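Questions regarding the structure given below will be posed in turn.
Which chain is which? They are A, B, C and D, in the order written, and residues in each are numbered from 1.
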Amino acid sequence: MNAARHHVIIGTGVAGNQAARTLRQREPAARISLLTLSALPFYNRYDLPRVFRGVHDWREFLVDPPSYYEEQRIGLRRCTRVVNVDAKRKVVMLEHNEELPYDTLLVASGGRAYLPEELSEYQPLLDGFGSFEQAMAMRRKLPDEGTVAILGGDMIGLDLARTLIDTGHSVVLVAGKQTFWPHVETPEQRQELLRVLERMGIEVIEADEVGGIASIRAGARGFATRRVVFGNGRECTADVVLPSFGLVPSVEFMLGSGVGIERGLLVSPSLRTTDESIFAAGDVCQIWSGEEKRYRFYYGWKNVRAMGDLAARNLTGDDETFEPAQDETLHIEGGVTIHSPFWEYA
Amino acid sequence: MKTQPIYLEDKLREVNESGRLTYRSRSMPTWCPGCGYFSIVDGLPGALNDAGIAPKDTVVVSGIGCSSRFPFFVNTYGFHTLHGRVLPVATGIKTANDALTVIAIGGDGDGFAIGGGHVPHAARRNVDITYLLFDNGIYGLTKGQTSPTSAVGFRTSTSPYENLDQPLNPLMMVLTYGATWVGQAYAGRPQQLEALIKQAIAHRGFSYLHILSPCVTFDKTDKTYQRLGDHVVDVPKEHDTGNLVAAIALAANTNTPALGVLYRTVRPTLADALDAISEKAGYKGAGVRRRAAA
Amino acid sequence: MSVVVVPQDKGDEEAPSSAQVMHSEDPRDVGWVIQNIPCQSACPAGTNVPAYIRAIAEGRHGEAYEINRSANVLPGVLGRICSRPCESVCRHGWSGNGEPVGICNLKRSAADLKSAGHRITERLYAPTGKRIAIVGAGPAGVAAAHDLSVLGHDVTLFEREQHFGGMLRYGIPEFRLPRDIIDFELHNALRLGVELRRGQAVGKGPDQVRVANLLKDHDAVLLAAGCMAPLPLPLKVRGDAPESADGCPDVEHGLPFLMGLHRGERKTVRRRVAVVGAGFTALDCARVATRLGAQEVTIHIRTAEEYIPVTKEEIFEAKREGVRIKGLRTPVGIILDSEGRLSGVEFVQNRLGGWRKDGRRQAIPIEGSEFVEPCETLLIAIGQKTVNDFLDIRVELDQWQNVRIGEDGMTSARGLFACGDFVTGPTTVVEAIGRGRLAAQKIDTWLMGKPRRKRVVQIVPVQEPLRERAFDFISRQHMPTAPLHDRLGKNQLEVELGMDTEQTTQEARRCYLCNLHYQIDVDRCIYCRACIEVAPRNCIKLVQGVEVRPDGTYGSLREAREWNQVGAIWIDNNECIRCGACFRACPVNCISISCNEFVEVDTP
Amino acid sequence: MRTDVQISICGSAGEGTIAAGDILRNALAAAGYRIISFDAYPAEIRGFGKCVARLRATTEQVYSLKEKSDVLVCLNDEHGIPHVDDVRDFGAVIYEAKSITRLAEGGHVSAHVHPGQIPYPLALRELSERATGALRSRNLVALGYLAGLYSLAPEPFLRIIEKKFKSKGAVAEANRKAFEAGRLAGTQTFKLDMVSFGSPSAGQQSVMLSGNAAVVDGCLDAGIDNFFGYPITPATTIMERLATEMPKRGKRLVQTEDEISAIAATIGAGYTGARAATATSGPGLALMSEMLGLGVMAEVPSVVFVSQRGGPSTGIPTKTEQSDLNMALFGSPGDAPRIVIAPTNVEGCYRCAGKAFEMAERYQTPVVVLLDLYLSNRYETVVMPAKPPFEPNCDKPLAKQELGIGYRRFALTPDGVSPRALPGTAAGMHVVTGLEHNEFGRVNEQPENHEAMSRKRHDKLLAALQHPDFTHYKRFGDEGRVEIGLLAWGSTFGECLAAMFRARTEGMRCAAMKVVMLQPFPAVAVAEFIDQCDVVLVPELNFQGQFAHLVQAQTGRIVHRYNRVCGGPMVVDEILAEMLRRVGTRRQKAA
């Protein structure tokens, strides 16, 4: 009967996909359902800056061809939103009003871009870079040599910035608390790092808070369409404004399930939530760290993939604990290039 | 009027205990939502149930058309025959076995167009069957063409300008054909409909019940719930159901269709006559068909 | 007591004659109302929400205000600071239906938009000559005083503070609840000759009135002294100048902090403020602190943001004002510097446990996971408890050391009643008001020897659907708020500005009017399913069975898949959103609508 | 860029599936694309019947649908799910985003979309209600979405919607709103599929016609005078359209009480020299068979359009089949030779309809035009000839001197056709009868007379094999000797043609021949074709191989049958597979 188990995985990011892969290897007969909000199969989000290098066919970003899921008998459910999880009945409720029963559930819903509450009223004027669709949308909005204002920063945003500079666009970075998220840097390091960014050709503005964002009537070609005003009176203009303040875990749909949640899903070092048959992996979970005596997030695709793999193994009988797969130190080489583990993917 | 609360569980108990549901088949009727036929397919079981006629002793025969889907939705014997040929087949069934309650079902087109030639003969022979005619004045199954009872001026796909032909008056026809029980009902009045079906079945001889029933899909102007609801009246108290002329007069008034029993008389049925013959011919038995029935 | 609001006095619409109105006590009708009007059932004061929202939608704001008053005497107040138990159960918020109706905001709108010359309508009872003393002029006391005075009793209200209102006035900051609103509605509540004794404490001390004497001079005494003592938080003190936490000027309890502020004392905070606690009080402290000029304000909670009993709106506004919330931590100590000033708070890391009986989440400290958060001011708002040491007569207490009351609302001492937070421990304002009214009812019953009023279901036919399907697509109206930069340093500036008439009407239209009861007359139904065809939800069903619960409410319908099981076609009122589509579609008019709601009538 | 996009819309009959397909194909045709389209709908008008509207828009006209659609629109889950498999990789699946009933696992379309297909959830119900306040217009929302997603110009759609619903006033407005709402949603959707429309084809303006509509145009252009009919699927639409068009031309149509009456009246009208016709399906033809015999015996022109459907008896009234061939050819008492022709595509419907009147008149006999549901109901874009290619009068001239006493209505002539005097002709008075008669029309049961007359009635038809300006049969594909030949009739030929071309691309030498004239039968030409093929395959939509029988009987050659009664059209891939199998085994034998 174990063979016929139904493993449901919420999220097709690095973690979810790795988990599916591992599960299939370990339980050839099991049913595996992979749920995602995306309309596309798993693709490499780290690669998205390439849309600015002329790659516009989503198939170029796929990690596995569509046939992979059929061969592996992995039920890939796209455009599917989970609205609730009934842990007692072991059922996932989908937004379109379908009930999906599971034997084991792995939550790998990752995180979405965090927008500070004080900026929430400007939402309509802001762009995103979290998906292929958003990336293409930004690509279409941005004229050649156009300007992107990145609010906050964070390593994902900075990575995009590198590409944009490279492709002849200009970047204004409005530095703030999360500039090097998820790295934690000392004030000294910070100054050093910002200087490197400037050397890369990024205009860095240190502003305490954004006082307002306005849309300027788009004039002749090349005219900026957004004006950002800061608390300290300074201001800048840009074609696209990209808030980039790190990620917040997507957990709303888990509130009804009764499992422990703080910012993310609280899991043991073996990635088990407070519910026996529900695990979590990736950016969505806060893992208890024995030595640090606190729940903490581990970012970076290597960690996330390791979590996916570990969760799958523990779901199928093992009981191992999570070991970070990559160091998170940020260092500068020759005073010119920044090295972040979050930029090293293959 | 006061809005009296209705309590579902009470209603359900009532319906279940009545036993009428046992006369329904399992398959859901597939007519368009709003179709008057739903009312009839609920009425016949009710009537049979009240009359205490067992499903096994009932045969529902139909021709072709929306109405003729009927046998599939009742839990009795059923014969879905050919277009217009319901009465001959029904006659055969009844002639071969008196013990059966035979209900013939048909629409206006099936009964008075292609099958029109059969009606007089079933009537004059006084075959002991009940003919429920669903009159919606249209060919529904073939998506809305004029039928023999479509009103003059009525527009359909085959009379896109207007229908020229005078509508038949089936009631007057069957009255003159010599039907021994003639009544009229309206799908929008389920209780009365059910009562009339019951009487028609109880009648010994050819009983004809004309049922006005709206087609919500193809008739937005003529036989609508709105118009029928406003115009139907009850057969006047003082009407003498033994008076053929009075009955014909009632039937002639199509502006305010009279609901109820129009005519009722007693005459030997086809079976009676045939048995009389075989007795004349010197047959001594108690009636071969009755034995066949046992 | 409460104004009996029936759709009789509906301006334009022709009023149904009393012949059409029927009253029912059938448990199934009672059950229907309880089950089908979730907002009213969830309201501790039993506010007839659909009735007042319908009044608003039809532009009768004054009437809407009265319908509110009939259930809770302070609509304008609750319209601002209610904890909104109703909205969390609103049918419009059910999965697939969108967002709940802004019931609370509408309550406020009714108060804001009623005509200037609005006159209060109340059905008064003849004087009974009975004298009643009430201790404490908080929400519970005031509600009780109002109801009892309406019932013809002679009420005296004792309040320790200089002004009435209790928690309303001293616990809640002005930017959430302007004082003139409190004054106005308290006046209306107590205008029926209630004798007011301000600054008159009840207790054993000198120039304090003794409860024993109150009992002597009155037919009944009601204790509604609330829950005014902060829960103590044991904290280890570490640092260069060890002394007790109480001595430290930078550590203060939230409630006294707010009360002091509202008594007019000058309050200050230093650069970084830590607030511990998870209730409205904690949030208020934090938001006051930002207004007093703190640079960095953080609320530290034992569980997590998702589990704290505060409305999302409050949390959102607090965050916009820069307040941060950190979870899974319990304060265990404070660190003082050489001057004995606060330099940090020591916390222990928690993990989440199961759920407590009260529906709150448990937090379990983890051995040896202590850590320090630097800060210069600590405000402790982890809850309140009752004080009953002022009682000079012995009464039974429960396990939480609160006064125990019986079914009849009376304490172990004859004639001495108690209600509100004083009995239940800390709850919400609307809860307190509900309790106060209940107490009033019980006192009245006890004094008069029998209940004078009873609750019945009134059923009034409604000619046609009162809604359009389009209303269901109106999105929830957002409460306009004061610009962020205006708020700093201004404790008086009200943050929520109130909705204008247009917004109000739009929001009111969103209400499904759950008190409308759609039913199919099974005997006249022809099973044609025209209604199912137009149904916007899975709300009309072919049924073969239904589960009826002991309390008269309907459980799940057993749907029929086969024709010979179809006992009836039925409108599932639980799914029904009162859009009226079926009513309009039925070809034989076998669908009827009635307005079913609770009313109170005199007992014979 | 060339266009070849196939779109399927499926839902329950009540959801306006067919109407949506109709608007879509007309809009696309108006936009200048070539269309072939075939809908399947259930007998129940509404209720739970499943139906599918399918259309293929191309740059040049084609006569068959593709295996897999590029786009699928599901108006409801239950009926949509089975069709998801018929969508190609990187194609689009559009479906209702939310269900109002609680679904069990797998109850929603999204659960069945292949990883290679692109899912497009669409809030059909909500958009329809928001736009119109009712659920009715879901189908229009879906159309708008297609237009938005694939950037199709809205004008043709709006024009068609206006036209289709103008009689219904408010409905048109509601539908326009629904369409616009859907279109907005479409333009706001990020298009991820690999489906796109090229610029439409230039060239002559084509019109969109169904097989039955083409028949009607043929009748009208050939100058039909009278029509008598009784409703029966799938022939009804012929009467419906004629009922609109004939009065405009002062011509007369009567809906009779049954088919017997319909054919009787038709023959009656034919007797007076009018061009008269009736239309029916198998069951109706059965009722008519005796009357047809009378038509043959009395040598009265009449045209009978028979649109075949699944049989026997009431059978499968809403599915296609080619199983009435035998009845059309032989179904009458006695030796009753009549002309039977069967078009293979919509344009053919037009030509055959017109030509049928010519033949009936010239050879004084009933002419049966065999269609089938697939051909009657399918739509194609057709380039209409500038002027009608039909002879207005084909009556054999009647010389004055032949009249008067001794006028021989049934004179034995070399070609067997006797000049007829129409009622009203002075000195032409005579009697026609169903009884055997002599040249004068008087009853005569003498053996030699009966033989002579039987031969006359038979031989006069042979001339039809040379009937001018008419395609009796046609060969396609490779010339000369071929490995395999396809021999087909009626609607099936479109798929055969597609299969044949596919086979050639796969390196097979092959040809396909269509036979339009079924009686009299072009035996010589067909035999010749058969002799040039290593193997001959006869695909047809009946179980008995009725056409294969005919071919073998008429040519004495052996052919291989390929019979399907699947209720739908032939499947190109299956024909191809069968060809490969036949050729394969042959090649093996050879090797």
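Convention: a contact is a pair of C-beta atoms (placed from the backbone, for glycine too) under 8 Å apart; a residue touches a chain by one contact, two chains touch by 3 or more.
Since the model is a prediction, treat every value here as computed from it, not as a measurement.
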{"item": "Pair joined by more contacting C-beta pairs (C-D or B-C)", "value": "B-C"}
{"item": "Between chain C and chain D, centroid-to-centroid distance (C-alpha), Å", "value": "71"}
{"item": "Centroid spacing, where centroids are CA-atom means, of chain A and chain B in whole angstrom", "value": "70"}
{"item": "Between chain B and chain C, centroid-to-centroid distance (C-alpha), Å", "value": "62"}
{"item": "Geometric centre distance via CA averages, chain D-chain A, whole Å", "value": "57"}
{"item": "Interface hub residues of chain C, defined as touching at least two other chains", "value": "96, 533"}
{"item": "Per-residue overlap in chain D, given as positions that touch at least 2 other chains", "value": "14, 98, 100-102"}
{"item": "Residue numbers of chain B (touch at least two other chains)", "value": "28-29, 33"}
{"item": "Those chain pairs that satisfy the touch definition", "value": "A-C, A-D, B-C, B-D, C-D"}
{"item": "Complex contact set, residues of chain C against chain D", "value": "96, 468-470, 473, 533-538"}
{"item": "Partner chain A, residues of chain C touching it in the complex", "value": "95-96, 304-306, 316, 319-320, 322, 327-328, 349, 351-352, 355, 366, 368-369, 371, 484"}
{"item": "Contacting residues of chain A [partner chain C, same complex]", "value": "83-84, 93, 97, 117-118, 120, 255, 258, 260-263, 266, 274, 288, 293-295"}
{"item": "Complex contacts: residues of chain D adjacent to chain A", "value": "89, 97-108, 110-111, 113-116, 118-121, 190, 192"}
{"item": "Contact footprint of chain B on chain D as seen in their complex", "value": "14, 43-49, 229-233, 236, 239-240, 243-244, 247, 253, 255, 257-259, 283, 313-314"}
